[in-house]
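Chain IDs A, B, C, D, E, F, G and H follow the sequence of writing; residue 1 opens each chain.
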């Protein structure tokens, strides 16, 4: 059950893939056929339901492109 | 009984006194009232009879002002 | 005809040095000349020759000093900030009268700016940025082929006068690709270095050699300086420049490096419009062709200096004309068009020609 | 009248800096100016101010940069080889437009010679030895009192133009003892540094400040250069020189530093012999009084440059006269008398005056 | 910016660190970093460490020359950058004039232990009470990947095209260990960012380093190994593996000195 | 010269070392050394070590700037001296071009670890196979006795008139230990000449250093503490006691690294 | 035509300089004089990038051109700036995505081509440089496409996949240009 | 006399510069203008050493002098060189040991005094500078001996033995000069 969610800023992401690599819950995926305007691969928050808002993806993102939110009420979707 | 002797070149000696300090047999003395042409105190080979030609005074002389000779025949004076 | 290759100016420096039999090369990375150390890091080991990447430019110039002192052909290259760090070393090399070659690919300044193209080190390089009365020959190529050839000439002149020689380029001359014919040039015989170079003790045939700028003291300092002056004076026989349509020119453009190329085009266009412009391109920036400029001034020519700086060589042209001709300047603020920085382009020069004739 | 003390030129530098409220001083030992760092090592701690002996002259010039960046009054001093090592730093300071004072007590060159007296860094100091289009004001005192006063002026001009200012001395000016009246000079109000200097974050009243030569890029590089040029142009209003008996002079001597003192004596003696000689002593070596020299040339004066080098300032005098007057030179090879090196002495100058008038 | 948050009530737990100036960052220097470059993470850790220690109001910084220096735009402190390698000199002057300031440098490996070695050794010898953060990407990043003193044995760079040969080019310089030998040093450590655990440890190193400065102990130093994918000719993910397999064996991680007062 | 030998038959057992050129030495530089200056002894040891190893024919040398550099005149090898601190750079070039040469530098403490620190660290990092002999007189001798990185705590110099205060000026730099931390180093030691026993030990250090170069192992380094009576404001004999009582406690003597091949 | 001039401009990551090198090397084998001037900032990434290639049987004076016979623009936000650099009578070949600007002059021939679309369809934006070079060569006929293909083969020798992709990109561009001509 | 000029020359270790400093400091208190130019090589030991002191009520232009009213030479091997530096009508005071040279001119007054002998008898060659200064002042009367003694007292304040030796040296020199006058 999702404890939170992440938002990726695609305008500054450079597609390194670290977020996908370091999310131990496998929430993030790099489809491989989606590019940013500048031609970088785009990561996708593919499995929001697994996210526990641990923050690791944001820490490890060298572009500061990820914000991590924690659901405050227990009523996560 | 002297085993050898030393020769001090007064033109290059600068009177530091190391030779006198390091001769463990006390062969060398600095009289204190003898100066070189440039005004340095002159060391004197005062007790040649004690010299065993160990070479220490020459080694330690930073002016290379001392040559040490060893008597070859046993007939030292 | 030797190998004909298509190569950038920076690599032409490397080929020129190899053609000259350069034995060792030292450098520290800096744009826009990194292709030169990269070239040597590839090519020297293959030939059993020496490439060392130093810890800094103070380091490279020290290494250059060591290599020159034992009498081998040695070179370094750098860009403007590195050149600044080499000034004490340049003074040492000059004072010790050591032959060696320093290639300076200028970038913009002062200090470290983000751009690359410019010609702003003229003053420093022709006046000597370190302490003391010394002079270095300065050669400025304006094509890839000339770069290759001038590097060889630099080694020759360095050995001939036992003096550092600087090859002054700009980022465009470093990065432009043009055809190059690689070949060894023969400039004639050179004096032996055997009477002064340092050797391992067992290789000595005469007494102990000492290489040091302070040797001037042993020779008698004023005599040492007089000898230096004589040497610098004799270097004036090496003044080189290229005239392009200057015989009947009413306006003589003066430019070196990339600006000279731009000016050549501008002269062509001016001539096409019936304007009598010509180009005098100094190849030796020091010694400088003052006399030839003075002669043109005496003939009634006006001058237009084109240089990609706030105006440095223009002072030498003014010194040349001695107030006898009008001297105008197209400088870096005349840059226009494209990319962040722009460049001085032919059209803007043509406009100035029109204004002046 | 302030304290009247009998002191050498090097210590007068120290007193001048204290009078100017210098907050920090950085240096590396080198003769013939060691008395300056030694002075500050004694005096700064007493006043709760900063003295740091750096590991090298590349270090001192870096420290100077740091201190100037936070807006305090900072100084260094050195001699010729150290000056060579500072050239990249000078380019950085100039590019970042940082106010600071560098005292250069010249020694002989090129490189490290055993002697001390000479005036051989004129070219490097007035032309800028580092990369890029930059200019530093250069002030040359010729007495102990003037040394003290000029150091204060240097701090003022540095702040006024936000630019490094060099005080150029020679070994004689460093070691001569003369009476000195220590007093703070008031040159008028100065612009605030608050709009650019760096502060601890908690002390900021406006946004983040960045001090960097590369800021030129952010401003638009060509505009940045135009601004530099404007600044350098406006510095021309600071041209200072002293004329001694030049109004009716047929021969104008031009000299700075110790040579100016020697020339004054020579002028006196020449006048005593009925020869109309005068002395023009540039106090600002850059900007240089070209115009005033040109005016004298237009009046029909001849010139005799006296400098203790192979001839460096003489080029500026030539640029000034623009071929309109004869320019002669008494240089280092005219040295005579005493000690290993000799010095340029009044009598030899008088002889030249006689030859020329 | 198209960061948007919809749906359930939520609070941001990780975002851009508070001490970052995104205008400057984004506008001028942001695009300079290559995909997968870990240098910005060093900036993040510095910002967070300083914030957590509550010393942000006393901070001021100095950058070297190189890719690491783009952090000048990011971190929200007044900043300067001068000659290549001069940062410890510059910081020395600042700290001496403002002894209450938290003065730190961010330098590259080339900047810090090649051309800046005399500045580093000078500051160490004088025991300057500053903090030096050295970003070790094992090469000269900005200039296109030349060999640095920190290039590991066998590593191919544009000036060691056959791989660094220790017999010719020597062995990698170990900055953190070197620094630790100086008596005037309070702290010296080496961290990396190639795993989450190391990321956390490195944050602790950087925090301790700043703490030692705040306590006025002595010079503090942290070396951080970071990925430089284009110059290593690898993908970002491959770079992390290279750090684990090649770099760390040569550059042991950990603290080499940590004292709260000197003798 | 008025050296004369009369009387019984005798042979010279100690004199000026064979590898000394007394002309140059006497004529130009001999008088430069102050009474009690021990720097020339370093020259003696170098001459003897090289002679004993039989490598004199391969030797060539580089001097720093300072009193130590007057040895340029004494030792009978071709010699150069360039910029202050640049000796390791100069020696690097020579050794690279002539790998069979025995290339060594003689440098002062200021020359070697202050202004020349980048040259030293550079040579260490590249593992240059040269020998560096550092004459440590704990100050800048030539320029009149200013504080050096090696000045000991409390020592009065012309630029530390109150004595070196470690809180302001830091602690003395330990060159031999620093050098020993580099992997490309074969040998590093510190000796002194203030007693006969130490004189002998120092000779062994210098001999081993040259031997390591002859074997092609790596950089070898010997630091020698020498008396500088005038700048210490002592008599020569007092200087020796000061070395024993003040300098040695801060600068431990001995070998810090000694390997016959590197990893 | 004995003299040919091409300026290509774009931003980092578009393969501008690869296209320039390929073109100029191909020309070098056929012409007595060739010059190639790449221009890029200190930043190796993201900044503007431009090159000028000239090849001719006559000596080349300035390797920099105020105006060029053909200008290829990959970043259409700079339409106006580069329009000024097209010689009267020349051709201006512009990548058409994002193109909003209007022509300021009529004395040149304009081609707007969907280079980016093709590049993305081929899976890599870096291919756009060769695609647009292909179009340019088809339109100007300044050099034979085979010469370019030979150079591409040399450049990517031993990297089979890359070689194929780059050859394909060039050919798709060439076809695009031929169609537009 | 409103202007006084003294040149003293010797070699390192003779206390030349101590004498110059003492003289010039003493003059400074009495004259509006004083200049003292010490000259020494980089070597602080053994080299030549020379100073020029001028004190005057008028402005001093050159602090360096081709010729001086009084020249004091401590190293008589340089007799000829320094003879040239004595103004016509001036005085030349020379330490006499080793003196072999002969006068080349007659237009000045020559004094040869046994300074070294006295110095050695006082146990230190470094005293010769003050001895010869004393003689010079007795001969030229350019300044009162008390003024010099005051300066010596200031210089060696707190170092009782040294002070006494230096005062004695100066006085012995002064007496020597007075006798020779």
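Basically, a contact is a pair of C-beta atoms (placed from the backbone, for glycine too) under 8 Å apart; a residue touches a chain by one contact, two chains touch by 3 or more.
None of the values given here were measured: they were computed from a predicted structure.
Traced through touching neighbours, the fewest hops from chain D to chain E number 1. The leading chain pair by number of C-beta pairs in contact is C-D.
Annotation: 40 Å between the Cα-based centres of chain F and chain H. Here the CA centre of chain A is 86 Å from the CA centre of chain B.
Computed centre separation for the pair chain B/chain G is 88 angstrom, with centres defined by C-alpha atoms.
Within chain H, residues 42-43, 46 each touch two or more of the remaining chains. Within chain B, not a single residue touches two or more of the remaining chains. For chain C, the set of residues touching two or more other chains reads 31, 55-56, 58, 81, 88-89, 92, 96, 111-112, 114-115, 213-214, 340. Interface of chain C with chain G (complex): residues 6, 31, 114-117, 172, 175-179, 258, 261-262, 264-266, 268, 337-340, 343, 345-348.
The touching residues of chain A, when paired with chain G in their complex, are 33, 35, 38-39. Listed in rising order, the residues of chain E touching chain A in the complex are 1-5, 7-17, 20, 26, 30, 33-41, 44, 193, 196, 199, 229, 235-237, 240. Residues of chain G touching chain C in their complex: 9, 21, 24-25, 28, 32-39, 41-43, 47-48, 50, 61-67, 81-82, 84-85. Within the complex formed with chain E, the chain F residues making contact are 85, 113-118, 120-122, 124-128, 149, 166-167, 169-174, 177-178, 181-184, 262.
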